[in-house]
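The structure follows.
Letters A, B, C, D, E and F mark the chains in the order given here, with residues in each chain numbered from 1 onward.
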Amino acid sequence: MQYALLVQGSPYSYQASHSALRFAQAVVRRGHSLTAVFFYHDGVYNAARLAAPPQDEPHLYDAWAQLHREHDTELLVCIAAALRRGLMDERESSRHGKAGHSLEPPFILTGLGQLIEASTAYDRLISFSP
Amino acid sequence: MVLHILNRSPSMSRVFQQALDAMGTDDRLLLIEDGVQGALPQLIPYLEPVLGRLFVLKEDLVSRALEGHCDARAIVVDVDGFVSLTEEADKTVSWF
Amino acid sequence: MTGLSGGDLLVILRHAPHGSSWLKEGLDTALVAAAFGQRVSLLFMGDGVMALLPGQGSGPLGQKGTQPTLQMLEMYDIDSLWVEHQALLERGLNDMSLSVDATRIEKDAISRLLAEHTQILNF
Amino acid sequence: MVLHILNRSPSMSRVFQQALDAMGTDDRLLLIEDGVQGALPQLIPYLEPVLGRLFVLKEDLVSRALEGHCDARAIVVDVDGFVSLTEEADKTVSWF
Amino acid sequence: MTGLSGGDLLVILRHAPHGSSWLKEGLDTALVAAAFGQRVSLLFMGDGVMALLPGQGSGPLGQKGTQPTLQMLEMYDIDSLWVEHQALLERGLNDMSLSVDATRIEKDAISRLLAEHTQILNF
Amino acid sequence: MQYALLVQGSPYSYQASHSALRFAQAVVRRGHSLTAVFFYHDGVYNAARLAAPPQDEPHLYDAWAQLHREHDTELLVCIAAALRRGLMDERESSRHGKAGHSLEPPFILTGLGQLIEASTAYDRLISFSP
């Protein structure tokens, strides 16, 4: 089956992101396809490229990137939710006249419409919230 | 059949009541994260209406040292079982 | 099936306005889904019913409330609006006029509303 | 005297009970944010033990269109009154 | 004043382990305060009492639990530990041995505990 | 009196930061001194320098900076909470071998100890949490 996840919790404060990653790994282990993970609400903070957790804690950012690398899972970040929270890629940064960026591939800024449009293409959409 | 997923303990949040109100007679309830507390024998009465359709995530029980303390009427599943529940359901709703 | 209100997407709004962004983000999702041609229903449940009180203002630092967004629902052809009757009663708001035209739904009909929609997003 | 600050509605969260349990007989309770819902006549019974010492933040009532709907026993203060309550208290505790 | 447990700082821990970082961040704050020479007390209240169950493990992706941090309390001379008796009873945990030596406190004594500390941080 | 605030909510998801700012303005209006605002838990996201909220929404980052400018209020961000959430200044960025930074003055990374050490110096510490 085609799965997609919606992640709405900030990565180091609530279990939602951890639960979503654990579920994601089980989804692919069981032979399903994990097409996309959408990040909304404080879930967008998962895409912060400068995240530097302590060595003995899980590195969520790297774990998402690995999921993308190994299973082609798209990592889609709601652009409206991201910009107000300080997450912008190079393009948005220059569009806003700022120096530097805080988000980069494999995380992709995208409109809410893409979640909606695509949601008809998945067999299952599972939400993980704080 | 709808799979309802609850991540809050009935001891602190009343959201479990919303989940129960929204559940059809064949729907299932899965407790995850802090929600697994609801499977304790003293708290499970809150979830009495869905006994027999009440599941609880093993990994979240284990990390909280609650595995041995659950009510026997809560059906323990691991994360693969979680995925399997989503396969069997038409859709899922997360309560938080 | 009683044909309560079938549709592609049911958005459940359970959070009060202003205290968090859940309500606003749920409404935004509903509007976007409607703009993409989906048949969208809204269910105001629990504290979410507070969003329907007329006369709401802006937030502590002047941020927009959700009232303007609610007024856009009609424009986006979202006319399947449900409000949990019990939640209104518990808060003593049942006799007030609401800012949008939502149908009161009893507890025992909520599960049917969920069953009749293809997808559910819970905010 | 301790000023307790509560930002959750008693209709959804049980944290109000923790605040009440922790309050001494002279302590005061201020409702802010989503907590102001607790001043509605139908919900104020939850806070009955601290009536007379129960305050509610005007600005948060206004933005929610609740100003005209409060129980008269809740004492309405604006944000300057909030500061003044913190001046009068030895310390504050926030419940969330 | 009964001299229950005076001190500079009372840290109240009300959240369960793993579901959020509140418990861990509260404990970290307590340890740092003790390291800076403050007399620190801890109150485990509500879901916070779940932190005291022995045998807790790591989180879903292997992140550290709070058990190692709890074991450090003694090293930092934090020995004024209180646990809400009612919360243990409600969860059926009253007869279990706890992973640290905390004194059971009744509901009606909690306000006195708060009064006897200069500063309170609530997590 | 000397006031300090502790802010623990993420800026665009929960009212905590808005409530804290409104309270801060009233504190100084009433003639008190607002010595410091501490950011902990998801409150550290208030310090994200690239925050770009829509024009018709309040700009919390700018409002904090204004508070600092006009009232010398220190804006202190817990470094342990910040780094794992992707907020680092130039110094931490180079220490971690990363390019770019996501936090800059007037927000200052600081240890939890500074909150504690200083807390004895304030008359009032008020917490705003999500």
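Before moving on, here are some points about what is shown:
Just so we're on the same page, a contact is a pair of C-beta atoms (placed from the backbone, for glycine too) under 8 Å apart; a residue touches a chain by one contact, two chains touch by 3 or more.
All values derive from a computational prediction rather than experimental measurement.
Chains that count as touching both chain B and chain F, per the definition above, are A, C, D, E. For the pair chain E and chain F, chains touching both partners: A, D. Of all residue numbers used where chain B meets chain D, over half belong to both copies. The two sides are thus made of the same residues.
Across the assembly, the mean Cα position most removed from that of chain C is the one of E.
The greatest centre-to-centre distance from chain A, using averaged C-alpha positions, is reached by D.
If you average the CA atoms of chain D and of chain F, the two centres end up 25 Å from each other. Note: centroid distance chain A to chain C, computed from Cα atoms, is 26 Å. Centre-to-centre, using mean CA coordinates, chain B is 33 Å away from chain D.
Residue positions of chain C touching 2 or more other chains, listed in rising order: 18-21, 46, 59-60, 119, 122.
Multi-chain contact residues, meaning those touching two or more other chains, occur in chain D at positions 7, 11-12, 15, 33-34, 59, 91-94, 96. Chain contacts: chain F has residues 12-13, 15, 19, 22, 41, 57, 80-81, 125, 127, 129-130 touching two or more partner chains. Every pair of chains that touch is listed here: A-B, A-C, A-E, A-F, B-C, B-D, B-E, C-D, C-F, D-E, D-F, E-F. On the chain C side of its complex with chain B, the touching residues are 12, 14, 45-46, 86, 107, 110-112, 114-115, 118-120, 122. Residues of chain A that touch chain B in their complex: 1, 3, 15-16, 19, 22-23, 25-27, 29-30, 32, 124-130.
Partner chain C is touched in their complex by these residues of chain F: 12-15, 18-19, 21-22, 56-58, 60, 63, 130.
In the complex of the two chains, the chain C residues touching chain F come out as 18-21, 59-64. Within the complex formed with chain F, the chain D residues making contact are 5, 7, 32-34, 59, 79-80, 82-84, 86-87, 91-94, 96.
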